[in-house]
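Note that the chains take the letters A, B and C in the order they are written out, and that residue 1 is the start of every chain.
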Amino acid sequence: MEEVADVSLILSPQLLAAALVLAAFYALIAIGLNLVYGAMRLLNVAHGELVMLGGYIAYWGFARWGISPLISAVFAVAAGALLGVLLYATIIRRLFRSTRMLARVEANSLLVFFGVSVVIQNVMAVAFTADQRGFSYMDGVLTIGSVRIEENRLLALAIATVACVACALFFRYARSGMAMRAIIQQREAAALVGIDVDRINIQVFALGFGLAALAGTLVSMTAQISPFMGFPFTVSAFVIIILGGLGNLLGSILGALMLAAVEVYGAALISPSFRSILVYGVFIAALLLRPQGLLGRSIAAR
Amino acid sequence: MTRQGWQTGLVLVAATALAAALPLALGTYSLGVALDLMMWIALAESWAMFSGLSGYVSLGHAVFYGVGAYVTVLLWQVLPLWFSVPLGGLTAAALALLLGWPCLRVRGPYFVILTLGISEFIKYAVISTEAALGRNGRLLIGTPSLTVLFEAMLALAVLSMAVLQIVRSARLGAGLLAIREDEVAAEAVGINATAVKLSAFAMSAFIPGMVGGLMILRSTYFEPMQAFSPTTSFTIVTVAILGGSDTVAGPLLGSLFLVLLSELLWTRAPEVYMIILGVLLVAFVLFVPEGLVGRAGRFLRAPKPGPSSRDHRAVVIEP
Amino acid sequence: MTLLRLEDVGKSYGGVAALRGLSFAVGPGEIVGLMGANGAGKTTAFSLIAGTQRPSEGRIWFDGKRIDGKPAYAVARLGIARTFQIVRPFAGLTVIDNLVIAALYGRLRERSRGAAEARAREILAEVGLAADATRPAETLTLAGRKRLEVARAVAAGPRLLLLDEVLAGLTASEVAEALDMIRALHRRRRLTLVVIEHVMRALTQLCQRIIVLHHGAKIAEGSPAEVVVDQRVIDAYLGTRKL
């Protein structure tokens, strides 16, 4: 049954399309993570869980009430943003006020977020069972040139691309977008030049969480979802930030393209089971070789 | 040794002897639970020996458990078990040396996520290897009896406690604590941080490797997704932090609590069980980082409302 | 007879020279002062000697052995101990454990915890921290932490002790006490000292010889009496003069 690796595969537009779709999802997720991590320096390993929640909102809306995922996407973004604002206003802000708590949280942030992510996953598993779920929406197949692609994929790609471009414009031209970039570069300096860091932080959480939830609804249109689908997305997003650079939006998009290409082509050329090996391989290599990508300052022990 | 030391020692020997006699008193089911308890003790004490003392929190100890299991399975009916299980432990220790070399240069949350990533990487590598070999899981027939496995696991649990106690009072433990507090200052007083961290990391992988070997003999079925499950790492960390990760009593208490919880919930509501573990991990890291034992100790030691700003027995990872 | 010798030692951070062509020697038993305005390169010199950082150029000998490029722990085991200007105690551990660790790992490498503890208690008594032995280090006052910094370095059993502004931030009476403590340690433990200090008066009381750095280079060296009248030193200090 094994397909012989074929050089012509590399040139196949089919694979290119698959890589583009994946890259678009990744870019949305990574931009959100980049924002939150950049502004707060907290490694949110529960970021992928927001993708999962977005997916369930679309699934729930469609399966229960027949709501188009396009409409659900709006709700999902709102829900994600609301969650971000709530989390920031109730917990994060307070943590950042107490230096003692902050030291403890920064130090152990990973364990805390890992715990949170386990909780969210299992709460969803209790609510919806651990089964894989999916729905069919616009699953007709289009043929464009030699590429055969499902309508829903094309739609998801289009929406994600528009969202990415909108983000790029926002960061480039909007006042708060520029403020966000300033905070990511230098929190203290940003405060000094008169940026209301607290207000921008709220927006960062809202935007970052909203983007992840949006990505979730798009993923759910094209693939099965489950309560445990989030973590691989978190890992991919981390890889992308490391590759593309902290606070670097364009870098995130390029990183997303790179990782998606490695995954899709790797899986096609070697074997599908190789996909996770590749992602984790890039992840480890990136953390070891380019830790400054995640930082801006050195994190080596010495 | 002090008088109190002797007394504690006697109590421990008596407790071990009693535990060793458990198979005479317990039925198969209860003995299985006791085996699980010994397993968590062995794993969490080994973890605490490195991560609790050094502050380098490993969220990847499942990989050592899994590798130990894999070695034992690969050598099943090739080599005798008394040889292959310890060999699994040695392989895990060797792997720790290999991984520790690059990883232990990275600190704080980055080390945590790196260990997790590496553990997952190796899991998928083993899955691929098994798939390439055309193996869909491996069945072991004719494994040792539950009693034998229990006694072996008991030995590992006791060994892991002894190792932690010895390391704590030895030069190595002092070096690890210094590294946890301030690595630059540690080097300035003569501590070769790289060597200290590496040797402790390898030591803390050895027993989990053997535990993996024993547990695969208990389940009689090897499947990499299961053997390398990150849930194992997560549970180890939670158990150790729950009890308090730099005393021998801490992980012991944490394991007791875990086994109790899992008896109540695991078969009936595994998700609820995981939710409770997650909540406990978050709550303890944030609010009781010194663990139950540390907290109890503070109460017993007549709380002094001094200017102490940090709980100085807690696992604190410097960013 | 020299214990420590620097030859043309330099260090630059990304093109900016923090230290250039520094050469000097220290004989056994000497107390040498290292002086200079903020940013002159004093701490950098210590970091290079102690192996905390690698020199960009030059050679360093200790007791006849090349030590430049050796890692900090190896240098410490050869018998050089340093304090940190911004103190770095093992904050979560008790005061005595701070010293025990140094005694277990430093040049002496005490064989047992008991021996290390005995040594630690002896030193704590000498620096006046005996009563605080079992307190967590982080609960000490600044003066206490500075003492602990010195005590921990001494516990490593050095032959050469590098003290980086251990008097800074102390009150006048604390300074006097600390000076007595340093003199006592020097005498009783047969130490060789290099001392960084801004307080000129303290240095002239303590040292036989003073080296002055300015913008990363040595501009004067001599007895305290010679150095205070040196024109280059006066010029360099005009702005920041606190003699």
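Definition applied: a contact is a pair of C-beta atoms (placed from the backbone, for glycine too) under 8 Å apart; a residue touches a chain by one contact, two chains touch by 3 or more.
Worth saying up front: this structure is predicted, and the values here are computed from it rather than measured.
J.: Could you name the chain whose Cα mean is nearest to the mean of all protein Cα atoms here?
T.: B
J.: Which chain lies the greatest distance away from chain C when centres are computed from Cα atoms alone?
T.: Taking each chain's C-alpha mean as its centre, the farthest from chain C is A.
J.: Approximately how many whole Å separate the CA-defined centres of chain B and chain C?
T.: 41
J.: Need the CA-centroid distance for the pair chain A / chain B, whole Å please.
T.: Spacing between the chain centres: roughly 32 Å.
J.: Mind checking the centre-to-centre distance between chain A and chain C? Centres are C-alpha means, answer in whole Å.
T.: 50
J.: Listing for chain B: what residues touch at least two other chains?
T.: Only 184, 187, 193, 309-310, 316 qualify.
J.: Which residues of chain C are in contact with two or more other chains?
T.: Within chain C, no residue contacts more than one other chain.
J.: State the interface residues of chain B toward chain C in the complex, per the touch definition above.
T.: Residues in contact with chain C: 169-171, 174-175, 177-178, 180-182, 184-193, 306-310, 312-314, 316.
J.: Which of the residues in chain B come into contact with chain A in the complex?
T.: Answer in residue numbers: 57, 59, 102-110, 112-114, 116-118, 120-121, 124-125, 127-128, 131, 183-184, 187, 193, 234, 237-238, 241, 269, 271-272, 274-275, 277-282, 285-286, 289, 309-310, 315-319.
J.: Enumerate the contact residues on chain C facing chain B in the complex.
T.: It comes out as residues 50, 52, 71-74, 76-77, 81-82, 84, 88-93, 97, 100-102, 104-107, 109, 113, 135-136, 138-139, 152-153, 155-156.
J.: So in the complex, the part of chain A that touches chain B is made up of which residues?
T.: 43, 45, 100-101, 103-112, 114-119, 121-123, 125-126, 130, 235, 238, 271, 273-274, 276-277, 280-281, 283-284, 287-288, 291, 294, 299-302
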